[in-house]
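Structures given as structure tokens follow.
Each of the next two complexes has chain A plus one other chain: chain B in the first, chain C in the second.
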Partner chain A sequence: MVLAVLVCLLAGGCWDRQELDELALAFAAGLDYDMEQKQVKLITQVIRPGQMKSAESGGGSTGQGGQKASFILESQGKTVFEAVRKASFQISRRVNWTHNMVIIFGKGAVKAGVDKFLDFFVRDPEPRPHQYILVADGDLKDILNFKPNLEKASAQTINGMMNNTGVTSEAYPVTLQEFVNDLMSNTKSATAPLIKVVGEGEEQKLQLVGTAVFRKGKQIGRIEPKETRGLLWVIGKVKSGIISLPSSDGSEISIEIVQASSKIHPVLDGDGMHVHIHVKAICNLGEQLGGENAKPKKMIEFQQWAEKEIQKEIVHTIQCSRRMKADIFGIGEAFNRKYHKRWRTMEPKWEELYPKVKFSVNVKAKIRLIGETLIPLPAH
Partner chain B sequence: MKLERGKINGLELTTLIAGFLFGSAVLLFPGQWAEHEGWIAILGGVAEGFVFMLLYAALMSRFPGKNFVEIAKEVYGPFFGSLVALAFIGYLFHLGSLVVTDYHDFIKLTMLVQTPSSMIVLVNCLVIIYGVKKGIEVIARCSQGMVTLLCVFYLMIFGMLSMQIKWTNFQPFFSLPVTKVLWAAHMAGSFPFGETVAFLMVFPTLNKPEELLNRSLKALFLAGIYFFIGSIRTIGVLGDTARLFLYSGFQSGRLINIANVFTRLEIIIGVNFLIMGFLKIAVLLYGCALGIAQLFNLKSYSPLVLPLGLLMGMLGMINFSMVSENFEFSSLVYPVFAFPFQVIIPLTTLVVALIRKLPKKGDDDN
Partner chain C sequence: MIRYLAKLFNALAKRQRSPVKQSSVTKLDSGLTHNLKHIMDELGNGSDVVNRQFLIGRSAPVLAGVIFIDGLVDQEMINDNILQPLLRIELERPVDLDVLEKSFLAVGGLKRVETMETLVEGVLTGDTALLIDGQPSALLLSTKKWEQRGISEPDTEVIVKGARDGFTETLRTNTALLRRRIEHPALRFDTMKIGKKTRTEICVAYIQGVAEDKLVEEVKKRLRRIDTAGILSTESIDQFIDDAPFSPFATVGYTERPDVCAAKLMEGRVAIIVDGTPVVHTVPFLFWESFQSPDDYNFRLFYANTMRWIRYLAFFTSVLLPGVYVALSSYHQELIPTNLLISMAAATEGTPFPAVVEALGMGVVFEILREAGIRLPRPVGQAVSIVGALVIGEATVTAGLVGAPVVIVVALTAIASFLVPSQVESAAFLRVVFTCLAGVFGALGIINGLIFVYIHLASLRSFGVPFLAPVAPIVPADLKDVAVRVPIWMMWTRPKSIDSPDRIRQAMRIRPEVPEEGHDDDRS
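On to the complex of A and B.
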């Protein structure tokens, strides 16, 4: 009797044991949709834990024994979960989603509306809210099959790229949590970075080629990397990046962005909707090819050039968003916060109202440091 | 003859009440109904809790050294008093089983997916039964360490998430219908603040009865501040998506990410819940066992603890056939269902006692 109770109590903890050598860890999920057959197509990138050890055997995408560190599983189903289980059905282990890093949508999925495919990733306890959301520009399978140079699996590469977008701020990494938040908004357009495999053979690499813009879960257009930075300026998410421009005396200069912030002020008055965008950027002088010494007067000139350049980027992005009638900046939510009562009448027709919003962009740039040299290297 | 000879001091009472309040509310964020105005609902709930506590303290100070079952017997007479006491004990028992349900649902949903329900409930209940058998002193002393631990954990989580809080998530202020926010405030008032009615069984063990009100209000204040912090964290971090999740507090913990090193720390919130749930169920089970023992004039309540605890666990497993039923019950039915037990019964008892001019002088030795 005592023994039976003891066994029950002590062995109870073993019901949900998960041993590393009994798991198949999914690192990336590719989701696509077949309109004709109404089937969700799931491509799961699964890693071989044994091959993920640090690369004594030469690195690259193959580990010990020459086996690839990751492989992909293709499965179909009416729903995502069905496809997920069918993926597990193809191999000897159950696919575990707790370490999934990226979710990539294919062409069919963004056409059918991505909101249909995310419920599983939010509802199930295994997937994490920190996964990155991307959209494939081109073939989904190529991206997941891509053999990276530095990492073991393409999912790790994409994850690293997403963590590293701050260097140019020309892509806007979006996590599942943020993406779902945007999708739940009635007026804001969700965005997700576009990824593509470029080049041939050995020269192949993954590249972020802009940002996909959604409305109600469906992709309605895209903006280019430079325009993505315009978006990031407005929402205050620029981390770093380079603005290169010719100065007045013909020399090229690069200005490194160090810190940026923004404020959006919506104003609703008799003659319509105005939005004042204030952007503050703190920069360093990063490079100067010839030209004059970096005197304060010169720096002020550079600042003005940088301000103009930033303003150009922002205005260009605003034009793009107007063309798509897509409120990618969350202007509607800003109106809601300030003019809640009047917003309720505006909300249903926001799509038509948005292009009529008058923007005024105000940029303040400040160049603080000039690097370790006092004068530019004399050029001949 | 006293069934409970244990004595707890003021600090232990404070932490015990605070722990009881944290209970399942650490996980099931009480103001969730009011979406981005949950923090207002919490403040409303705390205010309601203060009023409740004044009522309970008034009742206690009128009958020093007596718990609710004894008071009811004295105020309503042996027969009706027993009926009222039985209803009250029934409420405690049912409430305990609801906490067991929350406990079980949470563990089953997020961690031990394949482990059978009975196993989860049994293991938890046995620990609680052991605690209650050892008496209220033991539980109260445990609560000191546990609540301190929770306070540290809670602030830690808040600190780690503070960078992710978006203050715009709280705007526009006062945009929801007033009735909705008021209902959410009453929900927070009935769960968890009004549930302190269970302490009508514990208060008499306080060694210095004159400290009762002071100590209990401190506990309410502490819990109120923590729920407020919790609501700021949950709403600020999750924004509109907070209404997506069953355990939105837990979900906000999932977003902790400091330099890709400190991640997956939501389990701390889970552990908080498990510890506080222990305190809550233990107090309820204690109240039940003691109440029944007094009702039937038993010599000790300790033989009742094991069967009552197991029954509570079993009821916890069959309370609801699905989680969504639980959610609907707690948001729509419970605030009304609990009202008679939390307010009407103590209030009527107090009023009747006032009218009958109880306790009679020279009659307060028992």
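On to the complex of A and C.
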């Protein structure tokens, strides 16, 4: 009896034990594709925990022993998994993907189609479904090698930027799970934020420069940050942001978005396909440079301007998407939900049908608070 | 081999069962010198045995003698209340024991004995034997008094609000403390003597009509079964009457506080008081009692319940934390928040042992320090704790022998385990088991271990009451004092799981109310 228990314990256990000091934690993965050699190129950002903790190594500068808090591994392989294992092969520890924060696609990957690189990240139990997907606008390696100011590794910076997009709502962060869902949809176009290193030397910084639009895994175009907010308005994901407008006398006002929601109503009738988009935004008056005091009448005027401005952003984005024939809003799925039977005939030719959809945009903005002063400050 | 062992055991048992030689009964002789000599022989002419002979009466003096054991008796009382009156007798007619008993001895407890054995037994418990020449009987005078510790607050069960008295080593003091708390004739103290050599007095305390008769009988039956040379502490009694001797969980409760003991008696439990130890055992003992503290009932409701939950949390921490730490750090890194993982990885960088060895090793170090701290004289004990905390805790981390997280985990575990004093022993054992399971199987091991422990707990019984009652099996009426302690005025029944014949503890409508203005109290 004791023997049996002992055998079970000793034979059955420990097989997947990995001590913390046997792990190399990957924080970011860069994926690229070499068309000529047909090779997947993987750049893995691995952290050094000791350097991550020590205070001197702030800003990615050299820490104890002159080491950076993170380093990158480059590996190649026919498949992602092969490259992943080859990355581990170069160092003394096994790369652990459980805390990977971001996956960034390079130029080659978005050209070849990103869908063929993601199977590993979805199938393997280690990577999380909530890591962010981005597309590099520029050199992939520069982004992963970037020395951040506040964090220790560029992956942490990118992750933080993604969590923080709500301040302007000019980028649309997508997680691996959302991205894969969009890729698997026959009609919706997947999107991923574009990231770029701008500036030189000490002035270098990472910047989100818009949104990449995909069709069937390949990038077919991009939209600018302002247009990205248009996209977010339509799908109701605007969290906050500033709308700045010229006041009636020419001075600027800023309206802070506090809360926003949207409804998409698809209608199929004799005329064809209509989509009514209703957007509701609750705003605060954030700044008013000159002009009249904030009276209720004035606020109604401001509300109307804000509505107009939001509508402009949305319409602009819709035009962009029409041009690309890319249904980035998931309009097709809205039709599917409402007109399930007729959708089946529409689905195969959706790419051609989409630009013909007639949009009507209806924005309701409400200014709720005007802040702690009534009189605009440059009072003259 | 097993058959051989069984055979050996049977042989031993047979030898045990062979009739024990009955001690013969010797009648007292009428000659004083003979009697005294016999008693002195019986007691082995011990240096602490005092034998004093004197004459009583003036006209027809009679030889008399007292025997007592120095240190067990009140010398002053013997002098003032026994010897003085006897020596001053100026009776004309010859004296006998009847006359002495009725007219001269100023002693409360007095007993007439005929046999040598009872006499010797009485002398050994601190009575004084008075014999006179020419009479085949003697008087046992109750003169017990010995050096004893005063009533003080028990070190092991300190509370913030409430009574400060604790049981002592003397049985009589302990029963008196209980009587003071429960002044009702139904409070019973049934005594028996256990231990062929030690003859330890053991007292079964209960309230008749509140404690179930069957329970009292069962306790007495189990106590009577004990056939041993000596009982020196309550703990050894506990092991003789335990329901599950090989379980890490005790099924007999203990307390050093009369207020706690009285409360348990009031719930229909039975207490076992052993002479010579200040620890009183109460049965049946249920798992959830471990988490109840007298302070729970003394403090305001919300604070008391918060503290109870902290205690539950601390128990789980002390059992599971090292195991969970080992499982997370060596198997399930994905469950640790990223920043915490970086800290942990940075702290364990370069340590030579796997997490499970670190956790077990530091656990052993802690137990060594704790044991040393208890055993050593107090001034040295402090030095030990300094060495332990600074040198071992700090230096091992600085030297890179173990990671700082392990030290934190072990320290937290150690402190947490003392929040639930009656489960310290089980927690210490289970902690090691869970750490090993986590080291081998990860979270899977912990979960299976927990299931196993739950099954075991559910299978335990304490004097016929399921150990996990009133939670498993569920007794809704008794849940008033498990997860939360309801206000005292709502506890109007006694615990149903203990099955007291007198279910009602108090009146139902005694919730404090503000009297309505202009009306008398509507209850009257």
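Here, the second predicted complex is superposed on the first by the 354 of 380 C-alpha atoms of A that agree within 3 Å, B and C clash if a C-alpha of one lies under 4 Å from a C-alpha of the other, contacts with A are read in each partner's own complex, and residues count from 1 in each chain.
Simple rule for what comes next: contacts are C-beta pairs under 8 Å (C-beta built on N, C-alpha and C of every residue); 3 or more make two chains touch, one makes a residue touch a chain.
Because the structure is predicted, anything quoted here is derived from the model rather than measured.
Annotation: superposed three-chain arrangement on chain A; chain B versus chain C shows no clash, the two fitting side by side. In the superposition on chain A, A:Asn163 makes contact with chain B only, not with chain C. In the superposed pair of complexes, A:Val180 makes contact with chain B only, with no contact to chain C.
With both structures placed on the common chain, the touch criterion links A:Leu20 to chain C but leaves chain B unconnected.
In the superposition on chain A, A:Gly201 contacts neither chain B nor chain C.
Of the two partner chains placed around the shared chain by superposition, chain C is the only one that A:Asn96 touches, whereas chain B remains out of contact. Legend: residue contacts after superposition of the two complexes on their common chain; A:Gly50 is shown touching chain C, with no touch to chain B. In the superposition on chain A, contact of A:Arg128 is made with both chain B and chain C. Once the two complexes are laid over each other on the shared chain, residue contacts for A:Gly250 go to neither chain B nor chain C.
After superposing the two complexes on their shared chain, the closest approach between C-alpha atoms of chain B and chain C is 5 Å. Across the two superposed structures, the residue set of chain A contacted by chain B and also by chain C is 9, 12, 16, 128. Residue ranges of chain B in contact with chain A, taken from their complex: 109-116, 119, 122-123, 126, 168, 171-172, 175, 238-241, 244, 251, 254-255, 257, 260, 263-264.
Taken together, the chain A residues at the contact with chain B in this complex read 8-9, 12, 15-16, 122, 125, 128-130, 163, 177, 180-181, 184-185, 333, 336-338, 340. The touching residues of chain C, counted against chain A in their complex, run 329-331, 333-334, 338, 341-351, 354-355, 403, 439-442, 445. Only residues 9-10, 12-14, 16-21, 23, 25, 47, 49-50, 52-53, 96, 98-99, 101, 126, 128 of chain A touch chain C when the two sit together in their complex.
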